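Chains here go by letter, A, B, C and D, matching the order in which they are written, and residues are numbered from 1 within each.
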Amino acid sequence: MPTQTVYPNVVHTDPTGQTKQEFTSDQDVRWCPGCGDYAILAQVQKLMPSLGISRENIVFVSGIGCSSRFPYYMNTYGIHSIHGRAPAVATGIKAVRPDLTVWMVTGDGDGLSIGGNHLLHVLRRNVDVKILMFNNQIYGLTKGQYSPTSPLGKKAKSTPLGSVDYPLDPVSVALGAGATFVARTVDVNVKHIAETLKRASQHQGTAFVEIYQNCPIFNDAAFDYMTDKSTKDDHVLAMEHGKPLRFGANGEKGVALDASMRPQIVDVATYGEDKLLVHDETNEVLSLIVSRLRHPEFPVPIGVFRSAERPSYDRMMNEQVDAATKGNKKTLQQLLDAGSWTVT
Amino acid sequence: MPTQTVYPNVVHTDPTGQTKQEFTSDQDVRWCPGCGDYAILAQVQKLMPSLGISRENIVFVSGIGCSSRFPYYMNTYGIHSIHGRAPAVATGIKAVRPDLTVWMVTGDGDGLSIGGNHLLHVLRRNVDVKILMFNNQIYGLTKGQYSPTSPLGKKAKSTPLGSVDYPLDPVSVALGAGATFVARTVDVNVKHIAETLKRASQHQGTAFVEIYQNCPIFNDAAFDYMTDKSTKDDHVLAMEHGKPLRFGANGEKGVALDASMRPQIVDVATYGEDKLLVHDETNEVLSLIVSRLRHPEFPVPIGVFRSAERPSYDRMMNEQVDAATKGNKKTLQQLLDAGSWTVT
Amino acid sequence: MVALRTRFLTTATMGTSAAGKPHEQVDSVAIRFAGDSGDGMQLVGTQFTSTTALAGNDLSTLPDFPAEIRAPAGSLAGVSGYQINFSSNAVFTSGDVLDVLVAMNPAALKRNLKDLKEGGILLVNSEAFNAKNLERAGYKENPLDSNIVGAYRLFKVDITGQTLAAVREFKLDHRAATRCRNFYALGIVYWLFSRNMDATISWIQRKFSDKTLSEANLAALKAGFNYGETTEMFDHAYEVRKAEIAPGKYRNISGNEGLALGLMAASELTGLNLFLGSYPITPASDVLHMLSNMKHMGVRTLQAEDEIAAVCACVGAAYSGALAATTTSGPGMALKAEAIGLAVMLELPMVVINVQRAGPSTGMPTKTEQADLLQAMFGRNGECPLPVLSARTPGDCFHAAIEAARIAVTYMTPVILLTDGYVANGAEPWPVPDVSKLPPIPVKFRTETEGFKPYLRDDNLARPWAIPGTPGLEHRVGGIEKENLTGNISYDGPNHEAMCRLRAEKVARVANSLPPTLVEGAQEGDLLVLGWGSTYGSIAGGIHRVQLRGHKVGHVQLQHLNPLPNDLEDIMKRFKRVMVPEMNLGQLSVLLRNRYPGQPIHSHTKIQGTPFRETEIAKAITSLLEAN
Amino acid sequence: MVALRTRFLTTATMGTSAAGKPHEQVDSVAIRFAGDSGDGMQLVGTQFTSTTALAGNDLSTLPDFPAEIRAPAGSLAGVSGYQINFSSNAVFTSGDVLDVLVAMNPAALKRNLKDLKEGGILLVNSEAFNAKNLERAGYKENPLDSNIVGAYRLFKVDITGQTLAAVREFKLDHRAATRCRNFYALGIVYWLFSRNMDATISWIQRKFSDKTLSEANLAALKAGFNYGETTEMFDHAYEVRKAEIAPGKYRNISGNEGLALGLMAASELTGLNLFLGSYPITPASDVLHMLSNMKHMGVRTLQAEDEIAAVCACVGAAYSGALAATTTSGPGMALKAEAIGLAVMLELPMVVINVQRAGPSTGMPTKTEQADLLQAMFGRNGECPLPVLSARTPGDCFHAAIEAARIAVTYMTPVILLTDGYVANGAEPWPVPDVSKLPPIPVKFRTETEGFKPYLRDDNLARPWAIPGTPGLEHRVGGIEKENLTGNISYDGPNHEAMCRLRAEKVARVANSLPPTLVEGAQEGDLLVLGWGSTYGSIAGGIHRVQLRGHKVGHVQLQHLNPLPNDLEDIMKRFKRVMVPEMNLGQLSVLLRNRYPGQPIHSHTKIQGTPFRETEIAKAITSLLEAN
């Protein structure tokens, strides 16, 4: 029983020349006016043609939530699954069809509340899936409960006196799970989204991208401090591989470790640029240190925290199967016959 | 409707003078001969009397697995719940009964496979529960499948050709979740277990202790490199707060960061002790760096990775309720009457 | 409840309104306000409801939320509606067909027109019927100019324009000014039904902290009312007289409010702290929200990471002596199955509430259904029996929650309470109970160490509740089969059989604690209509219609689905036939056929995400009776 | 199968063994090897089985694992057993009562003696009956010296001592030497039943890579055999002649092996890649282990993080064109409920296997039960129908897995296949099928873009399987209710009703593809015994016993539980009564009473974690017939 080809033996279409329009499905987009999801959708639809992959070879998978409606708007294959389980669905797809390109869309509730465990496991397995977590720090679809990423003290529908749970930081969780690619971007910064998604698409293995996303209806302005013209320079740290960690309107501030190994904000001019931390996506120590820079003490880092190479689960699994089948001479009949005797 | 006292108004017994024997239940212990679980049980039973807490105020909670049989052997209150869900059960106990002392026992499968999400959430909430994860890097109770902590390539019942999943590191996961107390110890080092458990018991909030535990039946000798007399000095790094990271039979080796901020093993004599990393349980950067020291490249750190103070979920929740009830003059009848009119 | 009822515009007595226009007396009106999500329809609906209740009508309401969070303005998906049925007689449901439809835009018209009866009043905001909105609603031509609306009494009012004019003096920006138009529409409707606007006026004054906004909305409201009074469009107003309602204190209550208050009452009656472990899900989330707002009453709520954690936290809380409850809907219920099984094994009290929605899978979250009954009964591995209850009306949710708690703590068992989206979001005037007169629910934690065995049972077969903190009663419980009495782990075959049968018998004995089953209508005769849950009103209304024609039809609406009442079989036998209407494909029928093998059961089902209409039930009854 | 059967020691023909001792011919023997977990009882059991199969007997076996991983040596919890029932006639079960019990220590005696029939042979390792072991087993005095064993033919052999003597020459350490004693015991039993030891000898030679160990075990085996032949203890041996077995190729197969092989065969027959997503759980884990060992056959297995992930991975794999399967037991089944509902909604093929164990909750993981049938039927939110199958014997697991896959891909639906711990771990000789003669299962992925609609159905009401990689068929699926044909999201009421009924009708139509139901025994008459799953052997054996007494009893063992076969009602009507034996509290009965309301169903239940005995069924039949 050799490995069968599970997909029909059809001639694939030529991926060159695909347009954004072709990646747009015929379904009406059902997000609230002003929702940050629109901008992300537009960037993803724009990115797709550049990947050189035909539409039919792409699958978008999601869970449940406003964000998880995403697959309906992509004219590719897609599964809008159940709450929190998209990583497992995506793993199933890649396990049997490593030839497919799989993107996954989830929310802070879908991915970190009910789906936290599957997220941990898809990351540790390093399944070749691109994960976009739309983090609006709220449950949108169920109309405004606090989420695992809402800040402590958040007043929302189920926490009228303020939440008493500390939030999870998606980037820290991903790094804790051993993720090979971890990045953060923000809905309004379309150029940065585009670059980050491009980087994610190039990664072999799980690429985890947290996207801060404004929910104007239930958690408006949660990210204003980092998107507002007047404040963003002082509150956003755009990381670049190999470059010192600098921010501020003119890059006048930097991040360094103090004598006791704690991160501090320094004035670059007086402190000296050479003593700043230099970002290194391939060095876990750096990824970890920057992951812990949190608003309001620190500017919020955006960009790629970590990018490491490691064979993906689906590749290793399929290589194992391929290697085993290659040498195999056994038929199913022989397997059935094993240990048999004949009665005459 | 004031807060009622949920527990009967009985005179609690005096906790002084309790003995290990009194903490031992009448159930036969059902682990295999030679199982590492025995040593841990003995240490826990020994620790209990020293806590100054009467037996009746202690609850042991577990999931399912060999390790999760633990509560049956403790003559305290206890719940042997279902697979992976002990953190949620424990959270429920503490939410309504912050007066109780809750310990939780789980395995690498129970806690990080099926129960990974609940673990993340109990840690981020910082519920005042002491968690012991018995990590034997295998599923014991179901007779020997690889677990999420088994090393890549592990050959076990469901992976005859070797696993293709990267393991999770419990300590890294816990730190990623924002745990306030994270430690590691090993079954055979009874002194170290005792100290570590003591530290855990003193922590307010979630204390997470990973205990490497030998399963002689399905994963024998997994930790020999760090327990064997001949090798352990070179493979174990016993961290101490405020002390430089040194190991080796005579502490001749140390851990430092190289120029590119990557950890390296150095010869203390030539490198200089003052340039070694100095462990600081309260500095997340240090906790993170040591958490990534992994065998075989590095010695395995044992001891307390991180210890930070932060009010616990159950405390904040109950404070919120207490504060709200204190001021309250509303009766249930008044609530029912709200918005009512009278028909005559 | 059984009073004669005539429909709007069929009985008419003419009078004269204060301002001179004649008004016509009618018995009963169903009206629906429909508009875009942003149009504030829920708000005017609830205002109209309060005023109507104060006016002494019987009434029933139902909101119709859009399935989407906030679909694009003007789209079909974004239509939000609020329906109220009110009468000078008894009201059973929120109304089968509409007498009045208020449509604020083309999409609202398109979605709702099918429910307006022929000759009904159709009030539209003509301004909104512009090219853009028509296109969004999928209209090729303006329906107001076509014979689509020919069968109705159409009133085109430029509500937007009139509102802008009415609020001009307040100098609001265009958006804010436009948003007053819902009150303008409400004003018209108030006039149309000769309502006193005082309650709404004082509500507006209280609600809007911004003085200008408050006055603008008041101005819009009054302008609408005056429009009705002064324009030529309406030649007369209507009046629905007070219903004969038993004297007493009333309030409006939705089913979800009923649950939240009922759980709090159960907490008080048992003397136990209330703990709710829940994970948000439509249409159950509001119970979590309401109880989260009750910290001052000592309520502890945990928004868990998922439904499994929510119910597992209840296991911990119940073990520790709290009154533990968890609320969810279908998909969440599926996830809780394993842990509910644990609670059955541990024999711990717990109230599990499933506010059912249309399934399977994600289904139609905002739509109602009763298709989780068999899941409640059988959706766990092994023989895993537990009591199952339901609630028939919003107000009954209060009592059902208390009853669920009573059974849970008396029998030491998890109990499933099934409500649904219809009863959860629907509202009705409800006689407020006197808390001091509710029967207390005695709970005694075990404290005597003498003779303590964790699984030694009392007369109800309940095991002792021995909670942590009690010296000498330290014991361990777990999901493995337990030895009778001691609760120790046991793999013994006959012990397992004994325990399985004991657990089943314990649940069966709950039936002994139930009052006689109430049969409404005929006590014997041609047909028993046997329903459960939220179909109560539709069935009562349907029977009411056919009984007018002299058939002997009885009605039992089951609160207890497991165990079934002891007297049910006798009751069934008093009727020639039994009809079981359900909003599913016949789930109670399965239980009845199993339990009463001889009894002929006629299952009548509808599964459209909406309640039965009274007329549908009436028709089904009639055709069954005529098939005789 | 229907051949006359007489029990051991009742029919006896004396002969003489090769070595001179007389041997007695008997028809049928049930023997159990029992000892400590560390005593290697499973090993000698399977050796005895192979030899017995080669000798041409019909047989059936059942291991009895301890519930604990490895309880302390000598403890009751640590007792491990292996039972084999073999005969010169047809064998139905692994045997009701034992003819022979081999007890290697006091705990083994204590746990198993109750199953030994009066006058049966009791062979004990007398050395193990020392003070320490007696205490561990909870014996106050040595039972070998008491009249506890008075009713049996006791043979005390110092098996340990004899073994040590036999292997002394190999100079093993004490522990290794002692561990040869299971082969010594096997040797005695081989002699007792006049067995040829060649197969075991060559197995030992193959198995032990360590030459010394191999020879020591051989020596022990032979010493045991010689002990039987030479001592005075046994005055004669027994012989069970070859059974009349249809000529052909046979092998031993356990139920879990049957499932693994069946899924692989289905993969070959459909031409689809097999994907198994699973999470370990007793007693299902072995299917995962076996298939994980089949990478060379192209099988992909994923040990998921939990049961939910396992089935969700199947959703992804099925959507992508694989033959997806997931295996679990009760608690895991509860967890999968929500995602199975998703698969029902997506209408994707999938085989979900529940190897049932005793519940509820964690229950008794190593014990068998059939109490998850109603969970399979109803354990999901909403109206969520799917086909449910069962397997009757270990060998039938192979065919049931293929049938489940056939239905799944033909009707585009998840299918639940129920087996249980008894059939999973039990083994029997099985006629090996010729793969080339198994009917192929045609599967065609949709490729034509023309007229493609994701929910356009064929005659079976199956929707097209259009998998990623196919240009022009890009489409999205999800758990929200879908519009008929297009599969777009729809909240329309009548559409929902139509879809609910379509999904139900699709599953109902599976019945049209089933062959006529096989009725064994009487084709009409007094009583139909209607079983499902692993009770097959017990029922067949039970009926066999009573038919001897002239009653007209028919037997149907259902493979298909949903939908039920079209001809079942007619069959039931041909009998005066229908008895339904189940290892639960009457779950199939619920379905039958619902489906065939007129039909009187007599439920006969046992829930002890162990299969029915043939005599129990016979007794139940008799008392029902006599109640006539």
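FYI, a contact is a pair of C-beta atoms (placed from the backbone, for glycine too) under 8 Å apart; a residue touches a chain by one contact, two chains touch by 3 or more.
Since the model is a prediction, treat every value here as computed from it, not as a measurement.
Does A-C or B-C have the larger number of C-beta pairs in contact?
Pair with more contacting C-beta pairs, A-C versus B-C: B-C.
Could you grab the centroid distance between subunit A and subunit B? Build each centroid from C-alpha atoms only and quote it in angstrom.
Taking the average C-alpha coordinate of subunit A and of subunit B, the gap between them is 29 Å.
Would you kindly tell me how far, in whole Å, the mean C-alpha position of subunit C lies from that of subunit A?
Taking the mean C-alpha position of each chain, the two centres sit 40 Å apart.
Would you kindly tell me how far, in whole Å, the mean C-alpha position of subunit D lies from that of subunit A?
From the centre of subunit A to the centre of subunit D is 45 Å.
Enumerate the residues of subunit C that touch no fewer than two other chains.
Touching at least two other chains: 295, 305-306, 331, 338, 342, 361-362, 478-480.
Out of subunit A, which residues touch more than one other chain, so two or more?
Answer for subunit A, listing residues that touch two or more other chains: 64, 82, 113-114, 116-117, 120-121, 148, 161, 317, 320, 324.
What topology does the chain touch graph have (line, ring, star, complete, other)?
If you draw each chain as a dot and join those that touch, every dot ends up joined to every other.
Which subunit A residues qualify as touching subunit D in the complex?
1-4, 6-8, 10-13, 25, 27, 54-61, 64, 71-72, 74-82, 85, 87-97, 99-100, 117-118, 120-121, 317-318, 320-321, 324-325, 327-328, 330-333, 335-344
Which of the residues in subunit B come into contact with subunit D in the complex?
Counting only subunit B, the residues touching subunit D are 28-33, 64, 66, 82-84, 113-114, 116, 139-143, 145-146, 148, 157-161, 217.
Could you please specify the touching residues of subunit A with respect to subunit B in the complex?
On the subunit A side, the touching residues are 112-117, 120-121, 124-126, 148, 161-162, 164-169, 172-178, 257, 260-263, 277, 280, 283-286, 288-289, 292, 310, 313, 316-317, 320, 324.
Report the residues of subunit D in contact with subunit A in the complex, numbered from low to high.
Against subunit A, subunit D makes touches at 50, 53-54, 56, 245-252, 261, 264-265, 267-268, 271-273, 275, 277, 294-300, 302, 304-306, 308-310, 312-322, 324, 338-339, 342, 346, 432-436, 445, 447, 467-480, 488-489.
Contact residues on subunit D for subunit C in the complex?
67, 329-331, 333-335, 337-338, 341-342, 344-345, 356, 358-367, 369, 371-372, 374-375, 377-384, 478-481, 491, 493-494, 496-497, 500-501, 503-504, 584-585, 589-590, 593-594, 597, 600-601, 606-610
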